[in-house]
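Labels for the chains are A, B, C and D, by order of writing; each one numbers its residues from 1.
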Amino acid sequence: MTDNHVPRPVVASGEIAVRGVSKSYGEAHLSREVVKDCDFTIERGKLTVMIGPSGCGKSTLIRLLAGFEFPDRGQILLDGQPIKGPSRDRLVVFQESALFPWMTTWENILYGPRARGELNAQALEFAEFLLNKVGLREFRHKYPTQLSGGMQRRAELARAMINNPQIMILDEPFRGLDAMTKELMWEYYANLYEESGRTNFFVTTDIDEAVFLADRLLIMTNIPTQVRAVIEVDVPRPRRLADMVTSDRANAVKMEALAILHEEAMKSFSRGSKAAADFVEAYARRSAKA
Amino acid sequence: MPTQDKQPVSPDILLGILKATMPFQVVSDAMLRRIAAISWKVSYRAGDTLYEAGGPADDLYIVVSGKIDHELAPGVNARRPMKTLGEGDVFGWAALLEKVPNRLAKAVCTEDALVIRINGEELLKTFESDPDAGDVVMSRFATMITRDYTVPDLIAQLRGIHRKLHARDAQGMNVTLYRVSRWLKSPRPYLMLLGLSIFFGCWYLAVEVFKLPRFREMPGITTVVTEWLNPNPVFGLSLYTEEYYKHIAVSVWRVTQAFLLATALGVPLGLFLGWSKGVKDYLFPIFEMLRPIPILAWVPIAIVMFVATESAVIFLTFLASFFATALNTMLGVESIDESYTRAANCLGASKSQVFFHVIVPGALPFVFTGLQISVGVSWFSLVAAEMVSGQYGLGYVINTSYTMVRYPTIIIGMITLGAVGYVTSAMVRVAGDYMMQWRVRELALGAR
Amino acid sequence: MARRKFDSKALAKGLFSILVFLVLWEIGSRSKTWITAEAFSGFREALGALGFNKNYLPWVGAIPAPSEVVVAWGKVIVDPGYWQSWWMSGARVGGGFFAAMLVGIPFGLALAVSRTAHGIGFPVFELLRPIPPLAWVPASIIFWPTQELSIAFVTFLGAFYTIVINVVGGARSIDVRYFQAAQSMGSSKADIFRRVILPGTLPSIVVGSAVGMGITWEVVVAAEMISGGGSQSGGTSGGGLGFFIWNSYVGGSYEQIVVGMISIGIAGFISSELLRHFGKYITPWLRLR
Amino acid sequence: MSGQPGKLPGGAPTRGAIRIEDVVKIYDPGGASVMAVDHCNLDIAAGEICMIVGPSGCGKTTLLNAIAGFHEITSGRITLDGEVLCSTERPKSTPGSDRVVVFQNGALFPWKTNLDNVAFGPIMQGKLSKAEAREKALSMMADAGLNGVEHNFPGEVSSGVRRRIEIVRALMNDPKVLLLDEPYRALDSLTKSVMHEALLEIYYKNKVTIFFITHDLEEAIFLGHKVAIMTSRPCKPKKILTVDIPHPRDYGVLTSKRFRELIEETNEAVHEEAVKAFQSGEKEG
């Protein structure tokens, strides 16, 4: 199926500028700075990948970008306008599936249009198109628990794309899948991205995933999070896994990134006691619920 | 005697030194700088005695250069009492022990030495201000002492401090005050007051001011309170009468007996039901057959079966608790991940060891959930049993007050019952927290 | 939910042990002296020293044998009064239970959704909750004009607390990611309530109502016994199963007590099974897998 | 060969050779009759790190369970240093502290402190007194860089630390073989790479035979002396690869030429099985 069959608006805008953003959590003297003076730009139409040690505050950054929380200092600008709250322009695909367990695949995909009262023929047609695209046609009436891990992630991608967001924000979307399924998902996702050409912001801890997907790689420091290095991954698209393994350029990027990440990971590792990051993660989860 | 008096050290130099010592290695720079602020450098000549066993344990020492002979007093029971310390070694850790105000060892300088001295009290205070980091250091001290000196006994004391750090973290004045002030700033206390005043206000207005149709017969709040606080109660029961406490005591005693009996029988039964499929196959059907019968339906049979009313009442109270406890214990055992028992098998545990080290502690969270429910239902059935057949007890008070038309006493009985019931279940909760430290600490971290 | 495997061996074992139980019961009650206080006479001295009284021990001989129970049941089963008791109790349970659902679910949702409502309502709720429902019986008799209503009120109370607690707990434990996902797809507050909070709370409503149903039966039986079985009638008819038991006791027909107990057990079992199936039906996403 | 443990400092290990001969495992032989392992043959030398790679649910864990003694086999034979663990005649081996398992989701007892967890084995076997076991545990934990967490409960430390503690707990018993069942599956990949180095470090000190199950080819080639790529259900070796990258290794290996060549060489075989498993998984779904 090709694109001219589908009623799909062209995405033209979507550039995020993060300017001197800081954020801390915790009470009184127990408070900890999780993100500190963070500065970077997510360029229009590009796939920017952020990589850093686990629990380094990447998820906090995502909550800030999505508008679930606000920075203590600094600004986040979307096409020059500060972000005021969650919006369908910036769609988040979560780490581990956030498909509504009480809805079938079909209902999940249609959630966005239905919630906004835009459930029309066009939306249905687009949903049908997406369902085919992610290969879940036969599974439309299944509940998420009946789908395999890989299928859940695909359903989630479809649920996000039906909203035509300016920017897709993905928080370790393939975490927890086994290595083999994961690799299949990468090719799949890269393909979707290449077709749509919209701005994507992808967060991961997997170096292979990062190098394979990224146009631009942001490497973050350990907590408090800052941008440690930016690497442009100038490997031509479309990319295939087999080619990436043999590509010298990809390997050079991997080597460079690995050296930095290894150092950062070691830093967080040397502390035996529950890492500060774990504490902050836990705290953030708790306060988000309360 | 030191050849030189205490002199301040530059923080940067000290940072380097502390980073090279085992207990302080992993501490953040910020913390190290704070430690640097309470540290002094002191030089000794060969032959100087730094301290004798029994002397006051004030400072902690770190060797920068030179050699120190460190000999633990015989009373410490160390397996390796004598040790020569050099660069990077830490000694004088008696200053950090809980119950030891005095030195445990003798330290003599054998080669001109430069040492860093840190006041133990000050150091502990620094740890308390950042319990997370303090914890790591204390723990590393414990490791060091066991490894280098082999005196496991002392570890307990370090651990005591380490626990205290935890406790202080939770109850620390600062945090508490901060939380209280935040609570007061939030709308919650005022909403709570509003809610309670609406409730009591409605009660007052409906019964005593407007005398609404059906409410007129109900005892009003002022009547209840004056009766309750009256030294000479109109209906014979108040905070000042001996009777009142006797009823409470009788009810509490009955619940206690029934609860203890239910726990003593229910927990083992539940453990076996969950542990052995054979036991479960045989016994569980009988259990399931009897369980749907409401406890109160047992009342007449209980009266018939027991000659003494007292034991009938306890039997009924026991029965409800027993089912709750046994069932939850069984579920608890069944919920234990198979890999725990497998791991124990791998590590060479016998069947009975698996039972006591894995099954019992693993089921504990569910057991306590069961006990929590069990207290609740035991009060529930006690009240019913006392109402139907009993002399004394809060349920009896409520029922007879009705038949004797002492209406305010009914409400007094109800309130007392609620309060006593609340206290007993709180006690079970506290006991559970005490026995399951690991869960308390996990939950405090928000780990699960 | 795990698929239940039909295990014929386990079934045989279960039937065997139930049979053993019944046989022991039969023997125990027929012998009249077995497990009596007298059988323990050897221990009496020792127990007495510990402050025990022989009267503290159960006397199985006082309980009618299973065979007698079956005979009594055969007689009662043709009595329309017995079936009317079923009906009365069932109606009371149903009424109280549905009232509790009707009030409890919206109340619980309000507490869960609105911080203000929670701040005002929850402390009062927590204040009243430790008072066992049966302690309300006399107060309820005084307040309500008819005895029927007072029984219904206590029944309602029994299920109400459990349902509210479960609704509040369930709504609060919904994963934040679902809210965030919904928000980032542009849902309104009303939409989040309808499409996320409601279905997300449903499983705990089902659990809460199952527990609530159990409590309802307990309360109904007790209330019927305490208040003397409904307004008008005497005899076996009309008072509900709780009164059926009480009346059998007063009338000295002990076989009928056991018949009543078993009947209530069956009734409770049926109602909780019905509820379980209904719960499965309304939460289809939990049924699979 | 440069990849052999014999080249390591401290002499060659002499114990812990596992031989798997013609092992077959059929679940529910009467009814559904699902074949999990099909005539599997595998030789693991003493002190070797053997990586078992295959898609999830292919039957790798069945093999591990047979060695550990959690499940019986249908036919075949498994020996450890020539001693028969299980065979057609005696289908189930007895779990013992010479073969310790590190579980996929971790099985540190949450109700014991980390120290007591590590000290658990010798105390249970009655080999050491409580105090002695604790002392040994402390020094082993310190050697593995785990000081500072001894008196915490497992729930209080990060998952990476938990896995290291679990490995130390296993090594406390001086086992012949360590059986690891996808121990790093739940960790993120950066922590994982640090964990790999930590595991190798421990291995260089103890040189115990390691039977390591994974679905990650990179992990397998990075750690292993030998990599057995298994077929999707029923499970048996499809290809056995000897990794000739010299030990000791560090993360630099990941970007070396030889490493990439090995990945390339095996990628196809693994990918094929993955797609097979993926598709059959979808059908089941």
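Methods note: contacts are C-beta pairs under 8 Å (C-beta built on N, C-alpha and C of every residue); 3 or more make two chains touch, one makes a residue touch a chain.
Please read these numbers as outputs of a predicted model, since none were measured by experiment.
Trainee: Does A-C or B-C have more contacting C-beta pairs?
Mentor: Result of the comparison of A-C and B-C: B-C.
Trainee: Taking every chain's C-alpha mean, which one sits closest to the mean of all protein C-alpha atoms?
Mentor: Going by the distance between chain centres and the overall C-alpha centre, it is B.
Trainee: Centroid from C-alpha atoms only, then distance chain A to chain C, rounded to Å. What do you get?
Mentor: Computed value for the inter-centroid distance: 49 Å.
Trainee: Distance-wise, how many Å sit between the C-alpha centres of chain C and chain D, to the nearest whole number?
Mentor: Taking the average C-alpha coordinate of chain C and of chain D, the gap between them is 51 Å.
Trainee: Taking each chain's centre as its mean C-alpha position, how far apart are chain B and chain C in Å?
Mentor: Centre-to-centre distance between chain B and chain C: 33 Å.
Trainee: Between chain B and chain D, what's the gap in Å when you average each chain's C-alpha atoms?
Mentor: So the centre of chain B lies 39 Å away from the centre of chain D.
Trainee: Which parts of chain A, given as residue numbers and ranges, touch two or more other chains?
Mentor: 146, 270-274, 278, 285
Trainee: At least two partner chains per residue is the criterion; list those residues in chain B.
Mentor: Those would be 26, 135-136, 139, 445, 447.
Trainee: Which residues does chain D have that touch at least 2 chains other than itself?
Mentor: Touching at least two other chains: 147-149, 152, 156.
Trainee: For chain D, which residues are in contact with chain B within the complex?
Mentor: My answer: residues 68-70, 95-97, 99-101, 103-107, 109-112, 120-121, 124-125, 131, 134-135, 138-139, 141-142, 147-156, 169-170, 173.
Trainee: Tell me, which parts of chain B touch chain C in their complex?
Mentor: Against chain C, chain B makes touches at 187-188, 190-192, 194-196, 198-199, 214-215, 217-218, 281-286, 289-290, 292-301, 303-308, 310-311, 315, 379-381, 383-384, 387-388, 394-395, 398-399, 401-402, 407, 410-411, 413-415, 417-419, 421-422, 425.
Trainee: Quick check on the complex: what are the chain A residues that touch chain C?
Mentor: 66, 68, 86-88, 90-92, 94, 98, 100-103, 111-112, 115-116, 143-146, 159, 163, 285, 288-289
Trainee: Can you list the residues on chain D that touch chain A in the complex?
Mentor: 55-56, 145-149, 152, 156-158, 160-161, 185-191, 193-194, 214-219, 251, 254-255, 260, 263-264, 267, 270-271, 273-275, 277-278, 281-282, 284-285
Trainee: Considering the complex alone, what residue numbers of chain A touch chain D?
Mentor: Against chain D, chain A makes touches at 51-55, 139, 142, 146-148, 150-151, 172, 175-176, 178-181, 183-184, 205-209, 242, 245-246, 251, 254-255, 258, 261-262, 264-266, 269-275, 278.
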